[in-house]
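When the chains are written out, they are named A, B, C, D, E and F in that same order, and each has its own residue count from 1.
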C-alpha cells in the first residue's frame, strides 16, 4: 500500500507540482498523464526515493520510505528513460547482473527463457551495443519477468517497442496486477489494460491542445 | 549482501575484460609517463636515480586520478547507477565493490609493473621493494579517496578538473609519504615510518570513504 | 624614530609592508565587493518584485 | 522534540535570521575596526624589536592570526556542514557558503605573509615543508569547495555536496596544526601552548591575540553580510523578501 | 526523386535486408514498417549515406548519392534516435548552430519563434540538460521548421512526444509533403497523415504477431 | 563554408565556456603535473632546473593526449557528429574547425601558463622564451596529429589507450624536438634548428591531418 500525501517537488526554481496526494492499493494501476515537462519523470523518481521531496510524505505500508530504506527498495522495480543496461554485456549477462542486484538472483537458464519470452531469441548472446533501440528496451524490460517486487514504476516503457512487444508488455502488466501487484505507469501512447483498477492522475494542464 | 558485492565486482571485471583495453589504459598511461622522462630529460643514470621515486609516485597519482572519472560516470550515463541506488543492499557495499573492481583493474597492474620500470631507472633492490610496498598500500587508498570526489562531481559540467581539484588535497599526503618511503629507503634511512603512515591512511579511508562516497552518490543522483 | 626609519623597518621594508599591505588590501576589497554584490542582488530582486506587482494589476 | 531544539529551528529559519544578522553586522564591524586598530598600533609601536630577526619579525602579527583564522574558519564551516547534513536546515548551507571565501582569503594571506617572511629568514620564498604544504592544501580545500559550489546549479544539491566535502576535508586541520610536532621541519613550532607557558614576550602575545580577535570580528561581520545576500538570492520569490524595506525601495 | 535499387545491408554477420528497391517522388511519404531489429534504422542511415550499402545503389535525381556528396546532404535532414543537441547549450543556441551547419543559418528571432511553435515557450533559455525527455526531442525537431531541405528522414520522431506535440509534428509533415517535399518515416505508434501519397514498406516478417 | 567553420568554432568555444572548467581541465592538469614534481623529487633548484624542459614537454604532451579523447567523443555520443557528417560542407573544414577550437581551449592556455610555471623551476629567460615558442609551434601539431587517432578510435572499446598507442609514435618526434630546443637554448647551443623542425612538422600536419581525420570519421561513424 503506497500512500502519498501533500507531495511537492521543485526543480531549479520551477515548482513542478505541489500538494499531491493519492494512494495505491494492491492490484491497482496508476496511469500518470501530463504533457512533456509536466513532471511525470520527476514524480516517479521521487516515488522511488531517488529525488528528495521538497515537501510532503511518501509512505509504504504505513512507514516513510526514507525510514524503510532498503526494505522499500527491495519491493520496487524502476525502469526509467534510461535502460540501465551495459552496452558491452550480452542480454543474458545484463539480465543476470540486474536481477542479482535487485535481490532476485537467477540461473542462466532462466535468463535465456526470459529473454526468449521478450522476443529476443537469437539475440541473447550479442553485446547489447549492436542491438536496435527496441531490442535494448526489451532487455531492460525482461527484468520484470524475473522479479518478484510488488511495485513496478515504469516510465514510458512502451517507447521504441513494436506492436507485438507492446501487446506482450501489456499482458505482463495485466498479470502482475491480477496477482495483487501495483504498477505506476506513464506513456503518451494509447494503451489498453484492464480498465477496472486503473487510477488516473493528471499533472500539469488539463487541456489536451496545449503544447 | 556479499552476493551483491561479488556480482558487482564480477560485472565490472567482466566489463573491463570486454573493453579489453580499459584494463590497460591506466597501466599504459603510467608506463608512458615513466618512460617519457628519460626521453625528455636525457639518459644520465645519476639524475634518473635521483628523480625516480618522485616520477613513479607522481605518475601513479596521475594515473589513478585520471581513472577516477570513469569510476561512476558510465553507470551514471546508462542508468545503471539509478538501479544501484534502488538495490536492496546498503549502498556503501556496492560502492566498495565498485572501488575494489576499479583498483583491481587500474591500480594492481600498475603495482606489478613498477619494479620492471624501476630497472629502467637503475634503482637499487631495496628501493624497488619499498616502491612496490608503498604502491600496494597507497594506490587502494587513492582509489578510495578518489571515489568521494568522483561521486561528488558526477554529471557536473567539467567534472574532470573538478574531481582533480577536490581530490588533490587529499592525495598529496599519500604522495609525500609514498615517495618519501622510497627516498628514505634509497638513502639508507629506512622507510618503515612512512610505510606505517601509508597503512594508517589506507585503513582510515577503507573505513570512511565508502560511506562518504555513497552519501555523495545519493546527493548527485537527484 | 623618524618616519623614514619607521618605513624602512630596519631593512625589511619590502617584506613587512608586503605582508601588511596585501593583508590590508584584501580586508578592504572584500567588504567593498560584498557591498557591490548585495546591491546587485537587491536591484535584481526589486525589479522582479516590481514586475510581479505589475503583472497582478 | 524539546522546546529548545524547536527554538533553535525557528532561529535558523532564513526569515528570522536575516534581520538578526542585519543588526549584528554594525556591532561586529565596530569591534573589528577597534581591535585591528589597537592591534596595528601595538604591533608597530609597542612591541619591541626582536634581537635576532630585527623588525622583520613584525610580520608575525598578521601571519599567525591569518593562519589561525584559516583553520578556525574551516572548523566552523565543518560545524555548519555537519549540522546541515544532520538536521537538513537551510541556513547551515548558506553559512558554510558564506564563510568559505573569507577562509580562502585567510589561507592565502597566511601563505603570502609566510612567504614574505621566509625570504628574509630562510632565504627562500617557498620550501616544501610539512606545515607550508599542508597550509597550501588547506587553500586547495577552500578552492575545491568554492569550485564545487560554482559547478552545481541546484542549490540544495550544492549545499549537501559542499557539506560532505567540507567534512571529508576536515581531517586536514589536525594535520596542519600538529605537523610541526610530528615532523621536525624548518617552520616554527607552536609558541602558545597550555603547559609550558609562552616563549614569547607577553606584549607580543597580547598583540597577536588582539589582532586575532580583530580578525574574528571581521570574519563574523563579513560572513553575516554575505549570508544576507545569499538568503536574498535564494529566497527571492518568497513573500517576506518582497516585503522587505530595502527591496520595496 | 530518390531511387533505390537492389539495396542490401549486412550488420555483423546478419543480412538485414537485400534486393530492396523503391523510389520516392516529390510529395510522397514513405512509411517504413518492421519489428524491432528489422533494420529500419540501418536502412535510414544507409539512405543518408552514413552507412555504406553492401550492395545496390541509391540515386538522387539520377545520380549516385556518393558521387553527389555534399550536394546530396544539402537536400537531406536526418533526425535519428539520438537528438544531436548539446546538453550545455540552450534551445535557441542549439537550433541556431544546427541550422547553420545544415546550411540554413537563421537569426535569433527565428529560432525563438520556431521553438515557441514547438511548444517550448518559457524553456527556450534553459540549458537542454534540464529539459524533460520530450522537450529535448522537441528542440531537435524544431530544425524541421527552419530548414528548406527536400528530403526528411525521421527515425521514430514521435517517441517521447505528448499528444499535442504528435499532432503538431504530423501537421508539419503534412505541410512539407503538400509543398512537394519527401519524407521517410518510421514509427511504432499509430499516425494519421494524409493517406493519399503514403507508400508503405515492410522490413522483416510480415506477421504482426511475431515478436 | 567559412560560415560553417566559424559557427562550429564558435559553438565549441561557447560549450567550453559553459562547462567553464573544461577550459581549465587541460591547463590544470599541466599545472598539477609540473608542480607535483618538486613535491615528489625534492626542492633542490639544481635538479629542478636540469629536468625542467623534460618535465614541461612531457606534461604538455600528456595534457594534449588526454584532451584528445573528448575531441569527437561527445559529438559522437549525442549524435551531433552524424549531423556534421550530413552537413553540406566538406568534412575536413569542419574537422579543422573542431581542432582549432580544441587547441584554443586546451593548447593555448597551456602555452600562456608555461612561463609562469617556469619560474617555479628557476629557468633562465632565454630558455623560457624557447619554451614558449616551441610550445606554440608544437601543441597545434599535437592537436592535429591527435585528431587522426581520436577519429580512428571513436566508439571503440577502450578508445583511451588505443588513441595513445596510435598517436604516441607520432608524438615522440615533437617531444624530442620540443624539449631539445629548450635544452639547447639553456645550454647556450641555440635552439633554432629544433624550432625549424617543429615548424615543418606543424605545416605538414596542417596539410594532411584534417583530410586523414575526416576519412577516419566517416569510417568510424558507420
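Keep this in mind: a contact is a pair of C-beta atoms (placed from the backbone, for glycine too) under 8 Å apart; a residue touches a chain by one contact, two chains touch by 3 or more.
In UniProt terms, the chains line up like this: A, E = Cytochrome c biogenesis heme-transporting ATPase CcmA; B, F = Heme exporter protein B; C = Heme exporter protein D; D = Heme exporter protein C.
In this text, all values refer to a predicted model and were calculated from it rather than measured experimentally.
The minimum number of touch steps linking chain C (Heme exporter protein D) to chain E comes to 3.
Graph distance from chain A to chain D (Heme exporter protein C), where chains that touch are one step apart, equals 1. Chain copies chain A and chain E are related through a rotation whose angle, from the C-alpha fit, is 180° to the nearest 5. In the contact between chain B (Heme exporter protein B) and chain F (Heme exporter protein B), the residue numbers used by both copies make up over half of all numbers at that interface. Comparing the chain pairs E-F and B-D, the larger number of C-beta pairs in contact belongs to E-F.
Averaged C-alpha coordinates put the centre of chain C (Heme exporter protein D) at 17 Å from the centre of chain D (Heme exporter protein C). Averaging Cα coordinates per chain places chain B (Heme exporter protein B) and chain C (Heme exporter protein D) 42 Å apart. Each chain gets a centre from the mean of its Cα atoms; for chain D (Heme exporter protein C) and chain F (Heme exporter protein B), those two points are 40 Å apart. One inter-chain figure worth recording: chain B (Heme exporter protein B) and chain F (Heme exporter protein B) are separated by 25 Å, centre to centre, where each centre is the mean of the chain's CA atoms. For chain C (Heme exporter protein D), the set of residues that touch two or more other chains is empty.
Chain contacts: chain D (Heme exporter protein C) has residues 133, 147, 151, 153-154, 156, 237 touching two or more partner chains.
For chain F (Heme exporter protein B), residues that reach two or more other chains under the stated contact definition are 18-21, 39, 42, 157. Note for the complex: chain A touches chain B (Heme exporter protein B) at residues 48-52, 70-71, 73-74, 76-78, 80-89, 93, 97-98, 100-103, 105, 127. If you check the complex, the residues on chain E that touch chain A are 11-12, 34-38, 40-41, 81, 118-119, 123, 126, 130-135, 137-138, 156, 159-166, 168, 188-190, 208-211.
By the touch criterion stated above, chain B (Heme exporter protein B) contacts chain A in their complex at residues 3-4, 7-8, 10-11, 14-15, 18-19, 77-80, 82-90, 94, 221-222.
Across the interface of their complex, chain D (Heme exporter protein C) is touched by residues 148, 152-153, 156-158, 161-162, 165-166, 168-170, 172-173, 176, 204, 208, 212, 215-216, 219-220, 222 of chain B (Heme exporter protein B). Residue ranges of chain B (Heme exporter protein B) in contact with chain F (Heme exporter protein B), taken from their complex: 18-25, 28-29, 32-33, 36-37, 39-42, 47, 50-51, 53-55, 57-58, 61-62, 66, 157-158, 160-162, 164-165, 168, 172, 175-176, 179, 183.
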